[in-house]
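To keep things simple, chains are lettered A, B and C as they appear, and every chain counts its residues starting from 1.
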Amino acid sequence: MTQRLRETARRLLQEGKVQVVIGYGPSKPGAAAPPVLITRPEDADKLEWNGRCFANLAVYLTRKEVKALGKAAVVVKGCDEKALVVLEKESQIDRAALSVIGMVCEGVGTPRAAKCASCQVRVPRFADEVIGEAAQPAAAAPGPNGLDRLMAKSPAERWAFWKTEFARCVKCYACRQVCPLCYCERCIADKNRPVVIDTSATPKGNFAWHITRAFHLAARCIGCGECTRACPAGIPLGLLNQALAQATEEDFGYRPGMDPQAEPVFGSWSPADKEDFIR
Amino acid sequence: MSAAIPVAALRELIAGWIGQGKLVAAPVQVGDRLLYQALASAQDAVFDARRRPANSIKEFFFPRHEPIFRYRIEGKEIALAEVAPQEREQIVIASKPCDAAALPILDHVFNWDFEDSFYTARRARTTVVSLACQAHDDACFCTSLGSGPEDESGSDAMLHDLGDGQFEVRAITEKGGALFPDRAGKSGDTPGPSCRMAGSPPNEQFDPARVARYLAANFESPPWKDLTLACLGCGVCAYTCPTCHCFDIVDEGNAAGGARVKNWDSCQFPLFTLHASGHNPRAVQPQRQRQRLFHKFLIYPRKFGTVLCTGCGNCERNCPVGLGVLKVLQAIDDEAKRLDEKEPLQA
Amino acid sequence: MKKNLYKPDLMEVLDVQRQTPDVKSVRLRFRDGDRARDFSFRVGQFGQFSVFGSGEATFNICSSSTWKDYIEFCFRRTGRVTETLWQIEKGDTLGFRGPYGNGYPMEEWEGRNLIFIGGGIAMPPIRCAVWYALENRAKYGDITIVYGARTVADLTYADELDEWSKHERVRVIRCVDPGGETPDWKGEIGLIPAVLERAQVPAENAIALVIGPPIMIKFTLPVLDRMGLPEEDIYTSLENRMKCGVGKCGRCNAGPVYVCKDGPVFTMKQLRSIPNDF
């Protein structure tokens, strides 16, 4: 697969179809594959594909330094690709100008990441080129997962849990910077007229940040898990997003990033909405 | 020659210090992360000479958030209240040598012309007991900066793992020796039974003097631009780095009053250098990455005679995209070597 | 308890003047009499001025160091802190930390002719030097002030410019951008570099202090060069985003130079070795 990936990238650059290929680079076993931005065909051999390709490369598509390079090709796994669906719906990317190289993926990480056990999108669905053999989607994950275990606790226990977890937050904003859907040019956390979220790494500042971010991602987060992986303090941030994703599916029958035709929850309204206070 | 101390005895000592009301910090296993934390119980301390915590001990000298004074608003009048610098004694135990070595480096900036009394109070009231390293990984590069697995700089005492849960302790300062009465050997004593590092320390990866010369001559033509495009502009490298010390000062409160606070900040954040006029001298990430390298490997050494780095590798290990400084330093060093061969740079 | 370098002095607002539609000047005195007596500074230094609850901002101390009862600063309404500063009145309390920075080398400039060139909000940092020189008139030679703004309304300290021109061997040249003049405007019309060139100011034994936006400085330097001023005799005061003001927070450096400690006053010769990082 790596060979085909390199050939594809080389061809796209040589033919001038794209000016940059965003993919994964070389890494030693145990280390995550670092993102690389290839602008010259001869550098295509730097591209790799393996079980350490954790990053969601869609995050680069909204960064101005990358947009300045020109048309892009991006290497995505099925989970990452869901971000492209949302970004396009929110008019942040021009799908026609983007080349999507989809990699068939049976899971990343050793041991395999939890999200992979229930993956339904092992074969990217909307790529311009799919590399890899067809693979079956996973069977639905049996048994309780992290969210089930958390929600089984009482509200008081959950409050205590998050107090302990957030006490380790240093406000590095890695969670925000790795997220492909956190693309606001001036994040609410950086607003100072007025200050909406204290920048301090205090209980107040940390709760305000994480809860606000989770709500701003509600019905948008595609569950790639990069926020959790990036957190240097090991806070299980993804649980917040999963809880809201569950509520979104239950209340609106909506799963972000799955159906490009589905209207986003916060961007649409249906007369059949079950809430009647708005009628 | 000092007697071997079993780990149980170390835990007893720690329990004693905690009982005396001191803050004791050590590496603690939190989920799948090893993190320096203030200990609730002596049993939580992890003495592992083969692992490196994902954070640094600077939190105990230069905390992530610190009120610097409080104010009350009473009509047109303001009443200020001092925040007393720390009185409580602190002990950091089983620190990595690369964390302890950061402290004398940070002392320069926090005492430069004006004394940061919050930092100096903590420094005065803290005793650092390091644990010499017996393993390293590919991200470590302390040896490239003249440091190493048993560097005593910044430590008041150093533990050496003898195996089988036994440790030897060497006193480096009086403060360090005082923690282990009658049990500490002196730094420089003949070493006890084998406690050397398994394998060899990291190879030297670059020449900091050559890198500094290159940086001094090349502000606008970096060979690392492609590498730094991957940087996402978060604060993980700065916040897990033992020597990064950039900070922000903000007022937090309401109409009745509040506190002016000092918080960690990072030169990688897009808003770090944003002027009120809208002008941003470092508007794109490669410029911000350049600042990090310059500050650490040219500016700080020029001002204070030491690089602002101990080679701990936290930046690379924690970076969500695996960047850190080492890769970029190597790219610079390679380019500098190449140019040196063509045409040696002036010192 | 050791001195807390981050704790400001409490200042009483004595007076607030509106200089232009978006610039105000503020006169402050120390609430603590001892501090007021002990306080001194060099013109060209700056302070961290604060509105409690809003934050600190960096401003040059724009009053002369020879005036002992108060200090002054000038600000443009631009961001969070200056927005709250805009609302202050006589009797309010502000914070002040300082003086910081290197200041102008007024002793070195003794015996020289002084040429001050400024644009827009750059007048306040020039004003302190002008008043200092006038208060020590015998020590300095001819004084020329070239000051311009986009429009007449944007000229700060307009009344003081008038007053200065009445002093001995002081020449004041005011200008506005083409289109910025009013029907009764008696000053020059044109951009500062052109106006400076026309003014034919003698450059013998002179130093120049040039403050303004980078583009103005860029086009003024060749004029000064043609006038015969060497770069070590041309000075400027830099701006950069600051927080601590004392070289600790790591924010204001431009390449190897800390604007708050090595500056903010630099010669053009020094500026040549400072990279484009401010």
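Details
Just so it is clear, contacts are C-beta pairs under 8 Å (C-beta built on N, C-alpha and C of every residue); 3 or more make two chains touch, one makes a residue touch a chain.
Note that the structure is predicted; figures quoted are calculated from it, not measured.
Chain-to-chain contact here is organised exhaustively, every possible pair of chains being in touch.
Among the other chains, the CA centroid farthest from that of subunit A is the one of C. Chains joined by the most contact pairs: B-C.
Separating the CA-averaged centres of subunit B and subunit C is a span of 39 Å.
Centroids of subunit A and subunit B (each the mean of its C-alpha atoms) stand 31 Å apart.
Centre to centre, using the average C-alpha position, subunit A and subunit C are separated by 49 Å.
Within subunit C, residues 79 each touch two or more of the remaining chains. Shared contact sites, meaning residues of subunit B that touch two or more other chains, fall at 248, 250.
Listed in rising order, the residues of subunit A touching subunit B in the complex are 27-28, 31-37, 39, 55, 59, 63-66, 168, 170-174, 176-178, 190, 195, 198-202, 205, 226, 229-230, 232-234, 236.
In the complex of the two chains, the subunit B residues touching subunit A come out as 30-33, 35, 54-55, 64-65, 138, 226, 229-230, 232-236, 238-240, 248, 250, 252, 261, 263-264, 266, 269, 271, 284-286, 318, 320-323. Note for the complex: subunit A touches subunit C at residues 192-193. Remark: subunit C residues 79-80, 83 touch subunit A in the complex. The residues of subunit B lying in touch with subunit C in their complex are 68-69, 71, 73, 76-78, 80, 82-85, 109-110, 112-118, 120-121, 216, 219-220, 245-251, 253-255, 257-258, 260, 262, 265, 267, 272-277, 281-282, 287, 291, 294-295, 298-299, 302.
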